[in-house]
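One chain, subunit A, appears in both complexes that follow, with subunit B as partner in the first and subunit C in the second.
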Partner chain A sequence: MIENIRHLARKWLEAKEVDAIFGLKEQDGYIAPHLFTDASELDNLTISTEYRLCYTCRPLKEDILSLMQGKEPDTRIGIVARGCEERALIELAKRNQLDLDKVKIMGIACTLEEAKECKCEKPYPSNPIIGERVEGVSEDEDVNTLLNKSLPERLEFWRHELSKCIKCYGCRNVCPMCFCKDCKMEQEVFCKTGWLPPEIPMFLFIRWYHISERCIGCGQCEKACPVDIPLLTLFKLLRRDVKDLFDYEAGMDAEQEAPLLTTLDEMPIKEEVPSGV
Partner chain B sequence: MAEFEPKILAFCCNWCSYAGADLAGVSRFQYPPNIRIIRVMCSGRVEPEFVVKALSSGADGVLVLGCHIGDCHYMYGNHRTKKRMAILERILGYLGIDPRRMRLEWVSAAEGARFAEVVTEFTEQIKSLGPNPLKEVRA
Partner chain C sequence: MEYKNVLTTCPYCGAGCNFYLQVLNGELVGVLPCKSHTVSQGKLCIKGWNASEFVTSKERLTRPLIKQNGSLIEASWDEALTTIAKKLKEYKEIDPNSIAVLSSAKCTNEENYLMMKFARAVLGTNNVDHCARLCHASTVVGLVQSFGSGAMTNSIRELENADCILIIGSNTAEQHPLIARYILRATEKGAKLIVVDPRAITLTQFADYHLRQRPGTDVAVFNGFMNVILANGLEDKKFIEERTEGFEELKETVKNYAPEHVEKITGIPKDKLVAAAMTFAKAECASIVYSMGITQHTTGVDNVSSSANLAMLTGNVGKPSTGVNPLRGQNNVQGACDLGALPNVYSGYQSVTDEKIRAKFENAWKAKLPENPGLTVVEMMNEAANGNVKAMYIMGENPMISDPDINHVREGLETLEFLVVQDIFLSETAQLADVVLPAASYAEKEGTFTSTERSVQMVRKATEPPGESKADWEIICDLAKAISSKEFEYKSPAEIMDEIASLTPIYGGMSYERLQRGGLQWPCPSKEHPGTPYLHKEKFSRGKGKFFGIEFKEPVELPDEEYPFILTTGRIMFHFHTGTMTRKTDLLNKEVPTGYVEIAPKDAEKLGLADGELVSVQTRRGKIETKALITKRVSEGLIFIPFHFAECAANVLTNPALDPKAKIPEYKVCAAKIEKIKG
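Moving on to the complex of A and B:
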């Protein structure tokens, strides 16, 4: 699989289809994001599930890809992207964070093991060039357990989970969709400084609500959480709800505008959908 | 034991619902005094965080009142509110807070009677739901 990726990347570079390939580089046993401009380097190109979504990492409060495109707007960049990574790129482009016209995506499909590890619902990009497309995980035990609880039980559950929060902002920092420079989670009005655990449920509610319509279901937040708060469980439910309410799925179509950014005339709410409680 | 008197917060938009509330007062319609009104310029100003903040700060119910769809002073402000509140309702449910503690209604400046009606009905509902369990969470 990795040989096919390197081969295709070399072909793209040599045919000048792209000016550079953005991917992971393995060197001396370490893996880091790297911009390959020379075909001879491509032997070190690699993929890894642990370092997913490096294309949207933020070393300087701005997505690395936006930074690169800001400096070199005409460079065409080839990107080795899994399903979640492609969805992230599309969703960011929709919000003017990057220019998708200058990006060429080499879609790779994840294996079943990788999909299970991420509890991924869609472990493949829109056009997988490399790898076999496998179906994602459709049933999530955590989601069902939560839905089977009564309202007071749910509150008790979240009270317990959220009281573990140490306010490290890990979930926000790792989220490919959290790109605001001024974050509401840092505002004194909503989340008082010096409170630990942070206000329940305000602190994480801000993220749940803000990311609800654009969550691509990558599960990075849950993986980053040092105290194992099941953040993805609620995001999965919200992804389902946004689909039910607006017939919208994040990261699918770059042309389709986001539901919260449109009027009811442009994207109506389907009233008949029950509220899920 | 005295009857439970809920605290209800209402966000009223400046152009319709606040004037509707005013009309209810001027016309001397009776409605329960449990409501506290905050005037906002548009129901689109009401962020879902406001509702959560109100609930976690001790309100038992939150009303969001705006102009009817199509009558918004800012054209599409209430469209946004409608969509946001639909998502908010879901999140509240999943978090274990009864979504019926939050209600979005359209009340125009001419609907004083409707304002009184909405407030009365909502107050009754909150009374039947009992005190907001989220209150206890606050240390």
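Moving on to the complex of A and C:
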């Protein structure tokens, strides 16, 4: 599989279909994102579920691809993207963070093992060039366990989990969809600053609410959490609610407007005036 | 367009997390956690996540500065180095011991090695020390006398599999967040957590027992634990018999520390003490974790040796998920000690007073070396104030905030005839210098840091240093050459590491070739050796582990009518040490913009204080103004001030009284008074 990716990447570069390939590079046993501009480097191009190529750079609060496009708007970048990465790209473009016309996606389908490891519901991009499409994980044990608890038990569960938070902001930092310049999590008005554990639940709630319809379900937040708060479980439930309420799934359809971005063209919902007033 | 990620080691605490520095067209654009790193596992704390910001600060030093008519004026490297070389040569000719050198726990191993080589071989003095004196000097002394090796016995990730963890004097969640990760994971697997701390620190919410001792009574707490364990026959008799000596002495001493008596000394209810001690003793694998809460006392060595006593008494040494685990505060404070930036030892804790060892280093360095141990940090400042130390060279330290009794430090530094400061910023200390040299930060040079778990890890260059600033190792080499030494011809840090390995048995197997693939834990004596995850496996470094019968002694300064509060100091999650780096980081300043004093609600009520009101805090050394933070984190009679903030510096207040053996100051206890400032 990796040979196919390298081969295709080389072809794209040599045919000048793209000016650079954004992928993962292996060196001395370590893997990290890298921009390949020279075909001779491509022997070090690799794939891994450990790193994603859509992430926000701190302290600039801007997606890495967006930063690259800001430096050189005309550079065409090929990106080796899994399903979740494609969803992130679509959602970022929808929110004016990226110019998708300058990005060429080399879609890879994840293996069944990879899909299980990430508990991914849709482990493939819209047009996988490499790899075989496998079905996603439909039943999540952690979600089911949580839903089988009583409401007071669930409250206690989250109270315990949130009390572990050490305010590293890691969940926000790795999130491809957290790019707001004036992040609400940092603001005293929402959550008392300089205090541990941060106020329950506001500190994390404000983010959960804010990206509820943007979340593409990559689970990077959970993997970045130093105290193992089960954030993917939470976001799976939020994504389910957004789908039920608005029939919207983040990153699936580049054309569909995001519900929280929508202005209501139709008649605004009228406030019901109680009779007898 | 160029975009790369450069793997490196975090410049903050001793946990040794690795991350990538993201470099876009030669500029730092952020930090990306490293998923395959053994400790950090793709996670970081707030400081690590923001560790690229200060590097690109506009306040970075970019040119050498020389003081002329009271102001620091930009100069060329040539002028600066010539000036320093000429001055240092003059002092050396009169008396090498009139010069003192502070090395740096922020700098690399290679740089610390070079700095101590420079002090000893070029300047001819053993007056070289660094801030380890102020944090874990008692660990180095205490664990060497008990075990034969002064470092964390076990590895960080082993904590996850402990059955019981005793944390004493470490606010782990805030000071070593990624180590707290493994403690929390242990508790979620069912491990018992005992926190002994005067403050209700973050981790106490997950503790089975929180024992709130009166500050400075740790020896009594340990002796109380051991009294209970012996009274119930829960000691590990086989371990004591086979692996230790001095048990009778210990037994004699601790028999006088019955729980009732310990309650009177420490304020810990006796039932709680008994229950916690029994829990600790019954655990299959029990780990002790400590930090400056027990080291920064005039009884620091006693506290550390007491923790070693407890571990040996219960057989909790020399196997995984046990041990005595001091958490070192700085990214490379372990390494700065290992590499001999201490007045009594060369690299690898080899004594300067041992003739054979001295001959080995004289031979390698082609220089006559001084025979007597040199001055420690606080002694240097005292001798500077007395006029006996006339010149000082400070690399990457900020004693104007970090040392106890800052007014006295200022007096010392101002009395000096000649002061050189080498730093990345014009720190409070650099402002007093005659010559300031601009240094490269961790992101702009190559080298290694040694984490608290003895793991030597690579630091890699991501970007170019700003302006004319240079890596500390290059500056030391240039200066040594300017003083006409021929023994500082290194082409790269890798070459320096090769010299270190050839002279330092515990680092004998280290080389960049091996380290590029991941950290190596010392002792690593040969190129084939895989490194050592935990110490004292079948045998202690000193042969048998040694028990010491240690009596409780009161802190030097206790509260009285005039100064009725106990003041204790420490750090917080959102800042680091003297704030040189964190206070140039936007998010951290947003979290905590300035200092404060924590005071208990009942005390605040007596003083008529409301939260956030301005108060003065005064001790026999000095007085500061700061705002009150009313919280139950401190108990009645206790106040706490974080020491990061120059404008309300806790160390104006602290007591420079020293532990007699380790020469560590008593930062953790002094007497203070607090008054509301009428506005």
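As a convention for this text, the second predicted complex is superposed on the first by the 254 of 277 C-alpha atoms of A that agree within 3 Å, B and C clash if a C-alpha of one lies under 4 Å from a C-alpha of the other, contacts with A are read in each partner's own complex, and residues count from 1 in each chain.
In this section, contacts are C-beta pairs under 8 Å (C-beta built on N, C-alpha and C of every residue); 3 or more make two chains touch, one makes a residue touch a chain.
None of the values given here were measured: they were computed from a predicted structure.
Q: With both complexes overlaid on chain A, does A:Ile200 touch subunit B (first), subunit C (second), both or neither?
A: first
Q: Using the touch definition from the top, say if A:Leu155 reaches subunit B (first), subunit C (second), both or neither.
A: After superposition on chain A, A:Leu155 lies in contact with subunit B alone.
Q: So in the superposed three-chain picture, is A:Asp228 touching just subunit B, just subunit C, both, or none of them (first/second/both/neither)?
A: After superposition on chain A, A:Asp228 lies in contact with subunit C alone.
Q: In the overlaid three-chain picture, which partner chain does A:Leu237 touch, first (subunit B) or second (subunit C), both, or neither?
A: first
Q: Output check: A:Phe190 vs subunit B and subunit C. Expected answer is one of first, second, both, neither. What do you get?
A: first
Q: Check the residue A:Pro73 against both partner chains and state whether it touches subunit B (first), subunit C (second), both, or neither.
A: The answer is neither, since A:Pro73 touches no partner chain.
Q: Of all residues in subunit A, which touch subunit B in the complex?
A: Its residues touching subunit B are 146, 149, 151-159, 184, 189-190, 199-202, 205-206, 208-209, 212-213, 234, 237-238, 241-242, 245-246, 259-260, 263-265, 269, 275-277.
Q: For subunit B, which residues are in contact with subunit A within the complex?
A: Touching subunit A: residues 48-49, 52-53, 56, 69, 76, 79-80, 82-84, 86-91, 93-99, 133-134, 137 of subunit B.
Q: Touching subunit C in the complex: which residues of subunit A?
A: 19-20, 22, 28-35, 37, 50-51, 55, 57-60, 64, 67-68, 71-72, 75, 163-164, 166-170, 173-174, 186, 193-194, 196-197, 223-228
Q: In their shared complex, at which residues does subunit C touch subunit A?
A: Listed in rising order, the residues of subunit C that touch subunit A are 1-5, 7, 20, 22, 24-25, 29-36, 42-46, 48-50, 52-53, 173-174, 177-178, 180-181, 184-185, 188, 202, 205-206, 516-518, 572-574, 585-587, 590-592.
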